[in-house]
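A, B and C are the chain letters, set down in written order, and residue numbers restart from 1 in every chain.
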Amino acid sequence: MSNLVKGKKYQWETVIGLEIHAQVKSNSKLFSNSSTVFGSKPNSQVSLVDAAMPGMLPVINKYCIEQAVKTGIGLKAKINNYSVFDRKNYFYADLPQGYQISQYKYPIVGEGKVTIDFKDGSSKDIRIVRLHLEQDAGKSLHDQNPTKTYVDLNRSGVALMEIVSEPDIRSADEAGLYISKIRSILMYLDTCDGNMQEGSLRADVNISVRKPGDDYGTRCEIKNLNSIKFIKQAINYEVKRQIETLEEGGVIDQNTLLFNTSNGKTRPMRSKEEAHDYRYFPDPDLLPLEINQKDIDKLKISIPELPDDRKKRYVKDYSLSNYDASVLTADKSVSDYFDTVIKSDKSLQDSSKIVVNWITSELFSLLKDNNIEIYDSPVSPNHLGKLVNLIKANVISGKIAKDVLLEMFNSKEDPEIIIQKKGLKQVTDTSEIEIIVDEVLLNNKKMVEEYLSGKDKLLGFFIGQSMKKSKGKANPKILNDILKNKLSKKN
Amino acid sequence: MEFKSITQLKTLLDENKISIKEIAETYIKRINEKKELNIFVYFNEDIIHYQAKEIEKLPNDKTLKGIPIAVKDLFCTKSMPTTAGSKILENFKPTYESFVTQKLINQGSMFVGKTNLDEFAMGSATNTSYFGNTINPLSKNDNPLAPGGSSGGSAAAVAADLCLGATGTDTGGSIRQPASFCGVVGIKPTYGLCSRWGIAAFASSLDQAGIFSKNVKDASILLQEIAGYDQRDSTSSNVQVPSFYKNLNPSLDGKVVGIPKEYTVDGISDEINGVWEEAIKSLEKKGAKIKYVSLPHTKYALPTYYIIAPAEASSNLARYDGVKYGFRASDAKSLDDMYELTRSEGFGKEVKRRILIGTYVLSAGYYDAYYLKAQKVRKLIANDFVETFSDCDLILTPTAPSAAFPLNEKQDDPIKMYLNDVFTVPASLAGIPGISIPYGKDKQGLPLGIQLLSKHYNEQEIFNAAFALEKDYE
Amino acid sequence: MKLDTNTINKIAKLARIRLSEEEAKELLKDMNSILDWVEQLNEVNTDAVEPLANISSAILPQRKDEAQDINSTDEILKNSPDKLEGYFAVPKVVE
C-alpha cells in the first residue's frame, strides 16, 4: 500500500512518531496518596507532596509500577530489572516542584512492538522505543479571569505512562490505527481507562516529510492531542503545510505546535522562549527501582488474553477474516460480549459471522441510539445467541428477528417468549402458505395475466402481497418456491 | 538554679525540685537577656507558656518531659513559622510538623524557639541568613565571632544555655563545625537514620538531621528520640535504633582507631594538630589501638561536594517560585517575570550562587564533565571509608581547620569559606556518622573540636569513644 | 575562564533568577574561580567507577495504592500569596 502524498511538484513520504501519555489506572497518585478521581473540586485532591511544600518527599506507588510492567508485557517489550527516576527541571505554573519526576536514561520498559491491521487484511508492526513512568502536571486555566491564570493541582502527581514509538508511522490513518491499538491493549490490561475525553490518554505527534529514499526531514511536534479524530486532522493539516512550505522553497523550523480544534490548523506555541534544557539527573529523594524476575513472571501470569491473541483465536476458531477479527477485538467489552454469545451455545460456533453481524449492526445501532454501553446492554449475550439460533432454525425470518430484537431491547425478555406471545413464529407449513398464495393470485388476476405475458418484475409484487397477508411470518424461501410453482402452472 | 544537662534536669524534675513552669520562665528570661546574639529567628513567650501547660499534663515517663529544646529553622513546625533563614519563606506557616520535631514533641520536649541558620543551610558561619548574623556566645566584647554554620543558631543556643539541646541539620558539616566553634557536642548520624520529612531540603542525598547538646550523654538521649524509620521518606533506613544512652560504655579496650594522614592539611594551626595529638594519646592510654591509615581521595571531597550539593539544591529550590507559599514579588507582568523577580529578591547571594553553579553543572553539555564526574569521585571517597573501616572501628580527626573566626571574615572569597568543611565533608559524602566534641582550647581560650567517625549505623561506637574522651576535660 | 556573561545570563534565565549587571559581574568572577577549583577532579581516574547517586542502602520502599484525602483545599492554599476561587492565581499566561 502506498502512503505517498502528492504535492504540486513531488511525491512525499510522511514520517510520524507518537508519544502517548496514558494515565495509569490507580486509586492514588504516583508519589503521594491523594486521590486520582476525575472532575473533583479544584485543589481538593492535593497532598502536601503534590503542592511541593518544603520538606515533602515522594514515595512510590507499588501498584503503578505493576501497571507499567503489565503494560510493557502487553507491548511485547523488555521489562528492565533496573530503572531510575530522574528529575526533569523546568518552571511552569502548574508544575509545583519546579521539576517533574520522570525516567530518562533508565526507563522501566524498553523496546517492544505493536501490530496494526488494515482493511485489506495486511498488517504492520510499529516499534516501541520505551515506556516510562512519570508524574502529570497540574492544570492551568487561562480564561477564568482577565488578568490571571488559575492553577488547579488535582492532576499534579497523577501517574502517567509515556509510550514512545519509533518513527514507523507513515500516514494519519496508520497513526489512528496505532493509537486505537495501544488504547485497546491498555484497556484489555486494565492499566488505563482509555478515556480520551477526560485526558486519560493523549498524544504528542512528531511529524516530518521527505522525498522517498531521503533522510528524515526536520520534524515538528504537535502537543497534547486528545482524540483520534484530532490526531488525524492535525497530521493531515501539518503534512500539507510542510509539503507546501518545502515545495515553495521554504524550510521547516523545528517547532512545538498547538492544534486549534476549531479551525483545524496548527500554530507554533507562543511561549517559545529559550530552548529547553531540562537538566535531568537522578532524583536524590528516590532510590533506583529494582524489579526481580520473579515478580515480573508473576505479573506475566496475570496478563489476560490480549487483542492480538484473541484476534488469532477468532480467525482460527471461527474463520473470521483478519480484519473483521481485529475490528471485533478492538474494544474489549464488544469482544467479551461476542465471546459470551458464542460460548452460550456450542452450535453458535459455526454461525460466528452471523453473530458478529447481529452485534455490530443491529445491536450496536440500538445501543448507540439509546446511549448505552455494550456491557450494560439490556439484550444479554445469552438471549442474542438464542435469537441467532431461532433465525438459523427458521423459526423466524431475519426481518422479524429485527422486531424481536427491538422488543428484547425494550423488555429484556427471552426471544422465545416474545415470539410466542406475539405469535411471530414463522409459517413453514406449505399448505398454509399455499392458501395465502392462492388468495393473492385470485385477487390480482389482471396482474397475473401481465406477469404471464412477460412482466417478470411482478413476482416481487406477489411476494410482497403474500408476505403482508402472512403478517411477515411466511418463510420467504418456501413462499418464493410456491409462488413460482403456481405461476408456472398457470402458463 | 543552674541546669547543666538533660540528665540533671530530669533528676530535678523527678525530685520535684523544679516545675515545668519554672523551667519555661528560666529559659524565657535567659533568651531575653541574650537577644543581641541574634540566635533565634522566632521566639514567642506565649507559645512557650502554652507548651509548658500542655507538657504538665503528660505522663512522667516521657523521656524529654519539660526539656527545653531549640529547633533549627529548617524544620517545619506547626506552632511556629518556618523560614529556612530566607526571605522567600517569609510568613510561611507550615500546616505540618516535621518527623524529627514531632518525635521530640511526643516525648514532651518544650520548644523554646526557632534558631537562626545560613539561608537554606548554605554557609559555614550563619552569616547568609536573611535575618542577620548570629554571634558566637563565646565572643569577647570587642571581637564578635562567628558561631560556624549552617546550624550556628542551634550551636550557639546550647553554648549560651538558652536550651539543653537543639536540632540541627548537617549536609557537609553544618552540625559538627558549629559544634566545634561553640564548644558543644554535635552529632550527625548515618544518612537515613533520621527522616528528612518536613525538613526544607538543601541537598537531598546529603542532608541529615542531628543533635547539639551539652555533653555526650545528652546527645545519646536526644538522638535516640529523633532516629527511626519513616515510610514517608524513601531514603529513610528501616533499622532498629539501639538504646544509645543505655548502652553507653566508655571502655575502648581493643578498639582500633584510624588516624588518616590526609587530614594533616597545610595551613592548619599547631594548636589544632596539638589537640588531635592529645586525643590520640588519650585514646591509646584508654586501651585503644592507634592505626595510621590513608583515605586517598580526601582532597577531592570538597570539590566533589561543591558540585553535588549545588546541583541538588538548584532543583530542590525550584519550588520556591512565589506560587504556593512564601514571598512573591509584586508588579510582575508575566509569569516568568514573577518567577525571576520573586527569586532574585527572595534569595540571598550565596543561595543564588549555588543555584547557578548547580544549574550550570547539570546543564546540557556539562553534566558528564561535572555532575557525573563528581558522583564517580563520590563513590571513590565512600570506598575509601569502607576499606578503612574493614579494619578500624573509628576514625579520629580534627573537626574544623580553625577555631571560631571573627564575623565577616572570609566573606569575600567563597572558596575560603568552603574550606571550613574540609574535615567534615568526606563523611557527609560517604553518609557515615560523625560527632564533634569539644577537646581543649586555643591560646585565645576558644574551644577546639575533634571529630570521631565510624561506619554506617555505628553511632554507638562513636558515642562510646566520645564519652570516654569527654572525661578528659570534665 | 569557563563562563562568560552570555553563559551566566543563560544559566540565570534557566534558574529564573534575574541578575543586575553588577551582580552578574560579581557572580561571574566567583563562579569561574569555583569552577576552576573543582577542575582538580580531572586528576582522578574514574574510568571504571560507577556513579554514586545516593548512599542509602535501603531498597526503594513502595506504598500501597490507597487514596487518603488528608489535606483540605484550605490547608493547601493557606500560604499562597494569591488565591482566588479555590485556585492558586498567577499572572496571566499566554500560550
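One rule holds for everything that comes next: contacts are C-beta pairs under 8 Å (C-beta built on N, C-alpha and C of every residue); 3 or more make two chains touch, one makes a residue touch a chain.
All of these numbers come straight from a predicted model, not from anything done at the bench.
Two chain pairs, A-B and A-C, are weighed by contacting C-beta pairs, with A-C ahead. Here the chain at the heart of the shown protein, by mean C-alpha position, is C. When each chain is reduced to the average of its Cα atoms, A sits farthest from chain B.
Distance from the chain B centre to the chain C centre is 23 Å, each centre being the mean of its Cα atoms. Note on chain placement: the centre of chain A and the centre of chain B lie 58 Å apart, centres being C-alpha means. Chain A and chain C have centres, each the mean of its CA atoms, that are 41 Å apart. Contact with two or more other chains is made by residues 92, 95, 205, 231, 234-235, 314, 321, 323-325, 335-336, 339, 359, 363 of chain B. For chain A, residues touching at least two other chains, in rising order: 48, 51, 59-60, 91, 93, 149, 151, 277, 279, 284, 286-287.
Contact of a single residue of chain C with at least two other chains is seen at positions 14, 16, 53-54, 56, 58, 60-61, 63, 71, 82, 88, 90-93.
Those residues of chain C that touch chain B in the shared complex are 3, 7-8, 11-12, 14-19, 23, 27, 30-31, 33-35, 37-44, 46, 49-58, 60-61, 63, 71, 75, 78-82, 88, 90-93.
Chain A makes touch with chain C in their complex at residues 26-28, 33-37, 41-48, 51, 59-65, 84, 91, 93, 140-142, 144-153, 258, 269-271, 274, 277, 279, 282, 284, 286-290.
The part of chain C that touches chain A in the complex is made up of residues 10, 13-14, 16, 53-54, 56, 58-73, 76-77, 82, 84-95. Put simply, chain B touches chain C in their complex at residues 91-93, 95, 191-192, 205, 231, 234-238, 297, 299-300, 303-304, 306-307, 314, 321-328, 332-341, 343-344, 347, 352-353, 355-357, 359-360, 363, 370, 372-380, 382, 414-415, 429-431, 456. The touching residues of chain A, counted against chain B in their complex, run 48, 51-60, 87, 89, 91-93, 96-99, 149, 151, 273, 277, 279-281, 283-287.
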